[in-house]
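Presented sequentially are two complexes of chain A, the first with chain B as partner and the second with chain C.
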Partner chain A sequence: MTRVYHNWQALAVLVLVASSALSLPLMSGLPSGGSTAIIMISLIAGALAAMATQLSLPRLAVLAVAPHLAAWLLLAQAGQAPGQATASFWVLLAASWLLAWRLASSLSAIKARTRGVDLALRLIIPTLFGVWILLLWEAIVIGAGIPFVLLPPPSAVAARFANSLPVLAADVNQTIFKSVLIGYVLGCSTGFLAAIVADRFVFIRRGLLPVGNMVSALPIIGIAPIMVMWFGFDWHSKAAVVVVMTFFPMLVNTGAGLAADGHMERDLMRTYASGYWQTLAKLRLPAAMPFIFNALKINSTLALIGAIVAEFFGTPVVGMGFRISTEVGRMNVDMVWAEIAVAALAGSVFYGVIALAERAITFWHPSVRGG
Partner chain B sequence: MIDQMNALASQIKPATAVSVPVVEAKGLGLTFETNDGPVHALSNVNLTINKGDFVSFIGPSGCGKTTFLRTIADLEQPTAGTLSVNSMTPRQAREARAYGYVFQAAALLPWRTIERNVALPLEVMGFSRTDVAERIHRTLELVNLTGFEKKYPWQLSGGMQQRASIARALAFDADLLLMDEPFGALDEIVRDHLNSQLLELWARTSKTICFVTHSIPEAVYLSTKIVVMSPRPGRVTDVIESTLPKERPLDIRETPEFLAIAARVRDGLRAGHSYED
Partner chain C sequence: MDRFRDKIIPVLTILMGIVIAWYIGAYALNAPFQRDLDRRAGETPTTYEFVVKTMTQPKPTLPAPHQVASNFFENTFLRKVSSARSLVYHAGVTLASTLSGFALGTLLGILIAVGIVHVTTLDRSLMPWIITSQTIPILALAPMIIVVLAAVGITGLIPKALISTYLSFFPVAVGMVKGLRSPETMHLDLMHTYNASKAETFWKLRLPASVPFLFASMKVAVAASLVGAIIGELPTGAVAGIGAKLLSGSYYSQTIDMFSALVAGAVVAALLVTLVGVAGKLVERAMGARPA
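This part shows the complex of A and B:
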C-alpha cells in the first residue's frame, strides 16, 4: 500500500468543501442545483489529485482543470444573483484558489529538460497568476456587489475595451506616438549631447550639473500648465513636459557613464596618442552604454507618466490623459480602466523594446553575460 | 627557422655594438605633491638604454620602477633632469607612437573581440583596412593566439588575455616595448611559459624592451641589463649587465652563472632596504 502524501492545500480544500455544505445555497435566493454539485465534485477531485509528492501528468491535468471549472461555475452563479453571495460561495472560492496555488507551485517545481518546455512554463506560470488576479477581482466585485463606480469587474472593462477600439486607438496615437515618443527622443538625445558638451568643457560641467540636479528635484508636473501656455493645447506642450522630464536623468547618467572607464584604459588610449573624439568613440561611449540604457529605461516610464498627467491641464478632445480625466468625471470608470490597461500595455512594450536593445548592445557587461 | 633568426640576430650585432641609445635619463627626478607633503618617486636617475636591450627594473613597491616606465611613456611628467626617448622628448615620442605599452592587467575592451582589440591602436593610428587585417594575423600568430580572433576577452584565460594585450602593443611595430609587471597576476607555470615566449619574440623582432617586475628569477632570466631600484626616494642602486647567453632555455635558471647574478640582484635589493632600518 502506497503511503498517502498529505498536502496541506489539498487537506484544506477537503475541509472547506465539507464546511460549505453546511450553509448552502451559494447565493441567497438561488436554489442549489447541479452546478453547485459539479463545483464540489471537481474541487474534491482536484484535492485528491494533489495528494502526492511528485504530481504525474494525469494528476496535473486534473489539478489544472478542477479549480478553473469550479471558479467558472461560481462566477456564473454569482452573475445570476449579484451581491447575494453566502459564506459557502466565499469558502468554495477560497478552495478553488488554494488548488490553483498548489497547481502553480507544482508547475514551478518542474525542472524543464527541453527549451520548449522551459519557455512554456515561463509563460504559463505568470499567466496563471494574472488570470487568478482577474478571477478573484471579478468574483469579489460581483459576489459582494461592489458598486460599479468604485470598482468595475474586469469583464465590464474588457467589454468596454472591445467596444471602444477606435477611441482608444486615437488616444494612443495622440499620447504615445506624438507626445511620448517625440518628447522622449528629443529629451534623451539633447540630454546625451549636453552630457558630452559638459564633459568636453569644464566650465559647463561645473555650472550645469549642480543646476541640473536642482532642476531634476523640481516637481516637473508643476510646469505642465506653463508649457501649455508656451506651446499650446496640442501635443507640443505635452512633448515639452516629456523633454524636461527626460533631459536630466539622461544628462546625469551619461555624465556618470563617461566617468566609468578605467584609468588603465584611458592611459592606453593616451599611449596611442589618441585624440579626444577618438577616445570618446572607441572607449568612453561604449563603456558608458550600461549607464545610458539605465537612463533610457528610467525615461521610458517617466515619459508615459509625464505625457498622461500633462493632458490633465488642457488638451484637444483626444488623448489618454484627457480621456481618463473626463470619463472619471462622467462616472464611466470602465473606460478609465480600459485606458489604464492600454497605458500598462504600451509602457510594458516600450520598456521591453529598450531592455531587448540593451541586451544586444551591452552583451559584454557582466550583468548581461552573467559572470 | 630559429637558426635563420639567429643568423639574422648576428647580422644585427654590429649595429648593437655601436650602442644607439633609445632611452637616456640624466639626473631625472619626479616629486608628487600630496596632502602629506612631497613624495620623491624618482630622484637623480641616470640611465641609458640601448637599442636591442632587454632591461628589467626590479625593486620593492614604491621604488619608482613603474613611475620611471610611465615617465618614459609620457604618462607622468618629470620634475627634474632630462629624459629623451629616440632623441626626442617623451611627449614627441608618444605622439610619434614610438612605443607599445603593456599594463599590469590586460585592459582589453570587453565589447571588442580579440582581433578588434588588436586592431584598436591601428584604427586610432589610421592604418589601411588590408594592412590592419595583415597585422592582426601576424601579431596574433606571434603570441600563439591564432584561432581565437573571434573570441571576446572574457571568454579567455588570464594568460591568454595578457598575450592578446602584448599582441595589441606589438601590432603597430614600435621599436620600444614598455611592460609594467605584465605577468604579475599570473600563476608560476603560465608565467614561465610566457617568459620563454617573450624571449623568443624579442629574439625574432629585435625590439628594445623595458620590463618592470618584482621577481628576481624573472628579471635575471629575461634581461640583458638589470636595474635594481630602492624606495624613499626612488632611485637606482645597481645596474647589472647580464653575462648569460642570448639563447636561454628555462633550465638555465639552475646554472651557477644564473644563481650568481640572482645573488647580486638580491644583495642590491637588500642594500637598498638596510638603508631604511
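This part shows the complex of A and C:
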C-alpha cells in the first residue's frame, strides 16, 4: 500500500499517457510525428524511473530531465498551432506536471548532510516551482489561445522586456532612485528620530505610540492625491507620500525595540555608571536592531507601493506607475507585465539588500547565528 | 485613575498637538493664496480677519480641521444614505468589496497554510514564493486587473474584491503557518500517545492553538484589504467608493471633500480592525482562554 501511496504520481502518469494516445494528434490539424513520440516515451521513462520509494541518483536524473523535455516539446507543438490544443495535449501537460511534482517531493524528502547541498536544495525546489508556474502559464495561454489582451504568455513579456530596456531604465530611475529611495531614507530616519524622542520623554511615548499604532493601520496611501496637489507632478510628491507611509511603521517598531532590552543588562549598564546616551548607543539600540530591520523590511515594500500608486494621480511622462496606467489604457498588457516584473525585481533586490545588511549587523542574534 | 493619567491624558495631549499643528499648517499653506486674492481685490484686512479668511476658503490648499469636520458631519449624517454625495454610501461600496475580498483572502490563506504545514513539498516550494510575493509591490497590478477584467465584461465588485483577496491572503497564510506549528513537541507527543490520527491532531490541537495567530494576522489583513479596495476603485474612473471620492476630489481640487473621504477611510479602517480584535477576544474567551 505504501508503495502505491509513494508512487501515485508515476502510476497516474502512465494512465494519462495511455489515455492521451486515444485522442491524438496533440494539435488539431497538425499531424502527430516524431516529437509526439518523444514526449510520450520520455514521460513513460520518467514514470518508470519514479517507481521506487527511495530514488537513486540515476533515477533522479531521469526524473529531472523527463518532464522538462516533454514540456519543452509540448510548448514547441503548441507554438506551431496556437489555440488548437486537443484533449491529449492537456493530458500530456498534466502528466509532465505530475512528474515534476514527484521530482519536487523526492527532492524535498532528501535530508541534506552538508550545508552546500542544503543550500542548493533550498534554491532548486522553489526555482522548480517558479519555472513550472511559467511553463504552465505559457502552455495554457498558447494552447487554449487565450486572447493576448487578457493574459500575454511569459515569452511575449520577456521579449517586450528585452526590447524596451531604455524605457524601463528611465522609469526605474524616476520611480526607484528618486521617489522611493529619497522618501524611504527621509521617512525611516524621521521615524527613528521621533522614536528616540518618544523614548527620552515618557509622556510623549505614552501619547505617541498608541497614536502611531492606530495610524499604521489606516489607509495612508489615500493621501497620495493631496500630496500630488501640494508638491506637484514630479518626484517630490511621491517622495512625500513615501515619507508619510514609512514614518509610522518605523516609529512603532523602534519604539517596541527600545523596550526590548532586559532589566539585567540595563542594571549592568547602571553599575557601570553609564548615562542615558551611552546606554542607548551601547545596549538599547543594538538590542532594538531586529525590530528596526523589521520596520526597514516592511517599509521597503510600502515605499514602492506608495511611489507607484502616487504616480497614478499624475506624473511627468516617465515612471513605473505612469507607464502601468497608460499602457493599460492602450491595452499593451505585455508592457504592463514587463513593468510589473521590473517592480518585482526591484522589490526583491531592495528587500534582499536590507536582509543582508541585517545579517551583517545583527550577527549576534540567535536567528542569524543559527544556534 | 492610573489608566487616566498614564494613557488618556498623553494621547489626548498628542492629538491636541496634532490639531494645533494642523491649524498652523492650514494658515501657513493657505496664506499665500489669500494674500494674492486680497491684493487683487484691493482689500487690507486686519490680522484677525486675514486668519479667519485662510480658514474659510472654499478650495483651500490645506483645509482647517473644522472645515473637514463639518463637511464630514454634513455628508455622513445629514444626507440620505442612498445619495451619491453621502459618505456612508461610498464607504458602504468600499466596505462591500473589502469584506468579500477579506473573507476570500482569509479562507485562501488558511487553506494554503494547512497545505504548507501538512505537505513537505508545498512547504519547500511554495513558502519561499509566498515570502517573495510580499516584497513585490502588488498594488501595481491593480489597474491592470480592473481594466482587463472590464474588457471581458467583469466589472463592479468582483475585480476590487480580487485585489483585496490578493493583499489579505498573505498575512493570514504566514500567521496561520506559524500558528499551526505553534503546539510544542510535548503536546504533539501527548496526541501521539493518545494514538490520535493526523486529522484529529489537526482539529483538536493545531487548529485551537492557531486561533490567536489567526486573529492577529486577520487584523493586518483587514487593513490591507481596505487599502486594496480603495486602490481598486481608482482606475474605474471614479464611479463610487472612497477611492473614487478621492479621485474625483483630485480632479476638481475639492480638498475638503478629499480630506473627509480620507477621514471616512480612517473611520472604516479603525472600525474593521477593532471589530476583528473584539471578535478575536470573544472567540478566545469562548474557547476558555483566561485574560492575560
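Heads up, the rule we're going with is that the second predicted complex is superposed on the first by the 341 of 371 C-alpha atoms of A that agree within 3 Å, B and C clash if a C-alpha of one lies under 4 Å from a C-alpha of the other, contacts with A are read in each partner's own complex, and residues count from 1 in each chain.
Throughout what follows, a residue touches a chain if its C-beta (ideal position, glycine included) is under 8 Å from a C-beta of that chain, and two chains touch if they have at least 3 such contacts.
As the structure is a computational prediction, the values presented were derived from the model and not from experiment.
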Practice item. Quick one: on chain A, after the overlay, do chain B and chain C clash, or do they fit? Just give me the call. Key: fit
Exercise for review: Could you look at A:58 and tell me whether it touches chain B, chain C, both or neither (first, second, both, neither)?
Suggested key: neither
Review point. Taking the superposition as given, does A:321 touch the first partner, chain B, the second, chain C, both, or neither?
Key: second
Practice item. Report for A:34: first if it touches chain B alone, second if chain C alone, otherwise both or neither. Key: neither
Exercise for review: Identify the partner contact of A:300: answer first if only chain B is touched, second if only chain C is, both if each is, neither if none is.
Suggested key: second
Review point. Is A:274 touching the first partner chain B, the second partner chain C, both, or neither of them?
Key: first
Check your understanding: Per the overlay, which chain contacts more chain A residues, chain B or chain C?
Key -> C
Point to revise | chain B versus chain C as contact partner of A:210, first or second or both or neither | key: second
Exercise for review: Between the centres of chain B and chain C, viewed from chain A's Cα centre, what angle do you get? Round it to the nearest 10 degrees, please.
Suggested key: 80
Check your understanding: Once the shared chain is lined up, is A:166 touching chain B (first), chain C (second), both, or neither of them?
Key -> neither
Practice item. In the overlay, answer first, second, both or neither for which of chain B and chain C A:283 touches. Key: first
Review point. Once both structures are aligned on chain A, how many angstrom separate the closest C-alpha atoms of chain B and chain C?
Key: 11
Check your understanding: Can you pull the chain A residues that chain B and chain C both touch?
Key -> none
Check your understanding: What part of chain B is in contact with chain A in the complex they form?
Key -> 73-75, 94-97, 99-101, 103-105, 107, 109-111, 120-121, 123-125, 152, 154
**Study point:** Contacting residues of chain A [partner chain C, same complex]
**Key:** 101, 104-105, 107-109, 121-122, 125-126, 128-130, 149-151, 203-208, 210-211, 214, 217-219, 221-223, 225-226, 228-230, 300-301, 304-305, 308-309, 312-314, 320-321, 324-325, 328-329, 331, 333, 336, 339-340, 343-344, 347-348, 350-351
Revision key, fill the gap. In their shared complex, chain B is touched by residues of chain A numbered 262, 264-265, 267-274, 278, 282-283, 286, 289, 362-365, 369, 371
Point to revise | Residues of chain C defined as touching chain A within the complex | key: 6-7, 10-15, 18, 29, 61-62, 120-121, 123-129, 132, 134-141, 143-144, 147-148, 151-152, 219, 223, 226-227, 230-231, 234-235, 242-243, 246-247, 249-250, 253, 255, 258-259, 261-262, 265-266, 269-270, 273
